[in-house]
């Protein structure tokens, strides 16, 4: 069986917003015992990822590294119509991905103790981000 | 229910080929209302990704960055049997991934307005690339 | 239908361990003809990936590049409670991902000839890593 819901995250600025709780709420509404939970973001300048949920310095260090992986305002970029963060945001999204998927077992997300699901806003300013959760299970 | 089809993309050289249309055609043939569309490439020197589908300079800038992430012919590489682009291609494929998956809703791929699905050829010369589309839905 | 099993990989040190065979064994036990095989690791300092399975120098070169993508003991890191490899491990895991998924056809994993599924331990020392395989098919 398939259960699908959308929700919106309004980001404030570049950085991560945890979405584990709203995803878990969708899973709870399915009543499924086992399956796979697919989480997808419908944009190309933000991404979804699973990372450490305890120490916020992990997310700050990921920002530091992302600035090296795809620097803002790099002189080599041809695509800069929306500012210094435009191309960097697309590249950061390609490196970290548009979806995550997590097993569902005994009616719950089977995340590890230290795993959280995060929306990573890569643009400098906040945006309205649409997330689609599709649960396939029984 | 599961519906599965394969198709071939013959790449000409390093760079991206959009595959959104052939994937959408498979989805249309399923007749499913909702589900998840899984797209997989059976090779380790190309990848599948979702990125911006409007301005081609985004894809050109991604090539520029990929050359930094995994330079061709780096003197540190031990693996160079097929040329300067051999190890770089494997590394670019690891960073950007072997599959993408997209929700299916109301019988269609639920991509955002600016999202396209691309096959990224990482070898200098073209290859015959086999893509498997598996749709799980109802 | 959904079939789910867990298994443990005890890593010895940083590096890759192939897990294609234990994943294929789960697939064989399902008896499904077609579907998608989802493989997930419940930790944030190792990752799952699909890469070249023939020449071990590919995996050694990936280690060399990963050290550039997220250097051990970088002076910019704020998160270093568990040592020089701590933050590097989280970043390497974010770049390479927590899950892979592979199509299932005619009762088998539809990997390409040169594709293997690997657990990549990113910590310097070995750990007990839990992997969840969820097969959705029929």
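Letters are used for the chains, namely A, B and C, taken in the order the chains are written, and counting of residues starts over at 1 for each.
We take it that a contact is a pair of C-beta atoms (placed from the backbone, for glycine too) under 8 Å apart; a residue touches a chain by one contact, two chains touch by 3 or more.
Because the structure is a prediction, the values reported are computed rather than measured.
> Answer with same or different: of all residue numbers used at the interface between chain A and chain B, are over half used by both copies?
Mostly different residues.
> Could you work out how far chain B has to rotate to sit on chain C, using CA atoms and steps of 5 degrees?
When the C-alpha atoms are superposed, chain B turns by 120 degrees onto chain C.
> Can you give the whole-Å distance between the Cα centres of chain A and chain B?
20
> Mind pulling the residue numbers of chain A that touch at least two other chains?
36, 69, 95, 97, 101, 136
> Sort out for me which residues of chain B touch chain A in the complex.
Those residues of chain B that touch chain A are 34-36, 49-52, 55, 57-58, 60-62, 64-65, 69, 95-97, 100-105, 110-112, 114-115, 136-138.
> So in the complex, which bits of chain C are touching chain A?
Against chain A, the touching part of chain C is residues 1-2, 4, 36, 38, 40, 42-45, 69-70, 76-79, 81, 87, 90-91, 93-95, 97-99, 101, 130, 132, 134, 136.
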